[in-house]
């Protein structure tokens, strides 16, 4: 048991994931405080409020970040808020643009009037510093090549201070950069992958971020609060049973180790 | 207002000044010959053991500085790798330094060439042993994993800033039976390294590594200065906890030190008779 | 002197005049080339101490710029009434400085790519072990680079986006690169399974505490935990907020201070490590 070939473990995990991904079993989630805070903050938005979404994820973290972004955009549209999207990764620019286009078309949100995508910026800290002082001259044009000054959605916007909120949907540690350089009157909400969430609790505790959706499970909780069906629930359920499997094998491994020790003692 | 300049929060700027002063004063003290103590770090003691094992097995050593851009973390990683290379050069052990950032690659080539020169073995330096694989995270990860598997490395050193690819490196190294020492400032990757590596160096032990390995007075002095700064932070936290427990978090003294808005807010709160 | 303060007040000292921008830019680039080409023989003829002095001075001045921009007060309206109270006279130069750093990074990318291609070309030509993989790399590199460049030119409408280009790029990017990225990330799930199975053993008191806490958090953060017991999500959130956060904070303090100390040593050339 202790020296089992790891490929058997991989096969067992693979079968587990496939079964529970395809199974129609759906468990409701208990709403965690960070997600409840996230939801409450967006609920406070008024129609016409401007929100910046920073979307930096690519295909590798699609399972965690896509449900988050879909739910966030749905909620913002429900509140009739205006939003702009920005990316610091080339792949994430395309992915977030296509996703936002699909969802906004379904709900009748007009590009340029109610939302826009600012495209790709190579250096986040420099971009934020520039946007704080002069947003139109920092961004210059959107992903479609239209000058930012000509977009109705950001008409009259001179700086990041004119935004109500920044939502960072990311698999990497970009939120400290937003916290460091963005204006203090702008609230920051965070949508990390589960791995990155651990280091965000300090910012949540100090109030530097106002709410957090963690991975697929956080997306499931958020979808539950919104009353929508998204990808968060099936992914979170699959993760549940994978965690259970890992715990089972950890306990099994320890049991095998204890049996080995007892046997060794008996033989000695 | 954002914290783009010191004027936005003079308290933070003063703290930075204090830390700089603590570091510089202790560097001065160390240069004057003061004996400074550094505690044992088991992971760093194991470096020589790992190199010895590689030499016995005749299999290469890999060094991975992570995906970080060229900066403080990369310089520290390359400093450590330069030390390791000098040890490797003594035994003519094969080595591979795999870079995921082109600027780090350019500097690494020079650093490793220097290391071989300083060890008196410039003939052992092969530029092909310092490689740039890719700056894309998972292309780099697959390149590193493939090389570790193909060459069946005996020792794997991972120092720097890592992200999701850390476990791919560590577990692949484990599969081929390599002895692995990892050091990172990335808090979220520490559990993966702890699970898959033999030794893990966490947080500011990473910055202490160069001082530990070289025992240079400047580096030891800097380390003592850092510890003094940490002590100040701890005392400030303790003081803040006591003050907040007694006076409450709305008390002027608490808000004074944490207020954004610069000097004006400070004077207003003092002269205005209360916090905002 | 009056002209300089005037330019500083108008923040135009960092911007080239609009009309003769191309001429000034050409002059600056040519001047930089001449300076660098002249500097190389000077550095080679200098003794090591002299070389070090130049390097230390340039390093110090480069770092001083960023430190000065941060520490100098921003409200200069008493001296320059037309100045913006949110920045000092160095602030507009930050963006050009960062642009320079990015250009250097791009040059370094070329250097790295050259090294990679040279290594694999040599492998293929000399038929070193596993040279077949080197051929695969070189072919993939050339094909992907060509299609990416053509795709970017098509986005800017410099070349026409034909159906062949669109299909080929889509196959390589959307259906190959993106999927391979996702597949590599998925490996982590399997690797953590084998790593956890191997590493989480009751070897000591601390290891046992670690293992049981990890299991509690693992089951508490997923929907299944709430089904087993409502206390599990509460315990998991408590561990994350009250145990994990302070530990995380402590490590971040140390890392931040260590980074600052290292930066000071590099700036003042007290760090001898790499160079």
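First chain written, first letter: the chains are A, B and C, and each begins at residue 1.
Just so we're on the same page, a contact is a pair of C-beta atoms (placed from the backbone, for glycine too) under 8 Å apart; a residue touches a chain by one contact, two chains touch by 3 or more.
A quick note: this is a predicted structure, and the numbers were derived from the prediction, not measured.
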Central chain (distance from its CA mean to the mean of all protein CA atoms): C
Pair sharing more residue contacts (C-beta pairs) when A-C is set against A-B: A-C
Subunit B and subunit C, separation of their C-alpha mean positions in angstrom: 16
Distance from the mean Cα position of subunit C to that of subunit A, given in whole angstrom: 22
For subunit A paired with subunit B, centre-to-centre distance based on mean C-alpha positions, whole Å: 28
Shared interface positions of subunit A, touching two or more other chains: 6, 60, 129, 198-199
Shared interface positions of subunit B, touching two or more other chains: 4, 137-138, 164, 187
Subunit C: positions in contact with at least two other chains: 86-87, 181, 184-185, 192, 194, 196, 198, 200, 248, 252
Residues of subunit C that touch subunit A when the two form their complex: 84, 86-87, 91, 94-95, 98, 102, 178-179, 181-182, 184-185, 189-190, 192-194, 196-198, 200-202, 211, 215, 218-219, 221-227, 230, 233, 237, 240-241, 244-245, 248-249, 252
Residues of subunit A that touch subunit C when the two form their complex: 6, 9-10, 13-14, 17, 27-30, 32-33, 58-62, 91, 122-123, 126, 129-130, 133, 194, 197-199, 201-202, 204-205, 214, 217, 220, 236-237, 239-247, 249-250, 253-254, 257-258
Interfacial residue positions of subunit B with respect to subunit C in the complex: 4-7, 13, 16, 19-20, 23-24, 27, 69-70, 72-73, 75-76, 78-79, 82, 99, 101-103, 105-107, 110-111, 127-128, 131-133, 135-138, 141-142, 150, 164-165, 167-168, 170-171, 174, 185, 187, 192, 194-196, 202-204, 206-208, 210, 214, 216, 218-219, 222-223, 225-226, 229-230, 233
Residue ranges of subunit B in contact with subunit A within the complex: 1-4, 137-138, 163-164, 175, 186-188, 260
Subunit B partner contacts - residues on subunit A that touch it in the complex: 6, 60, 129, 132, 171-173, 180-185, 195-196, 198-199
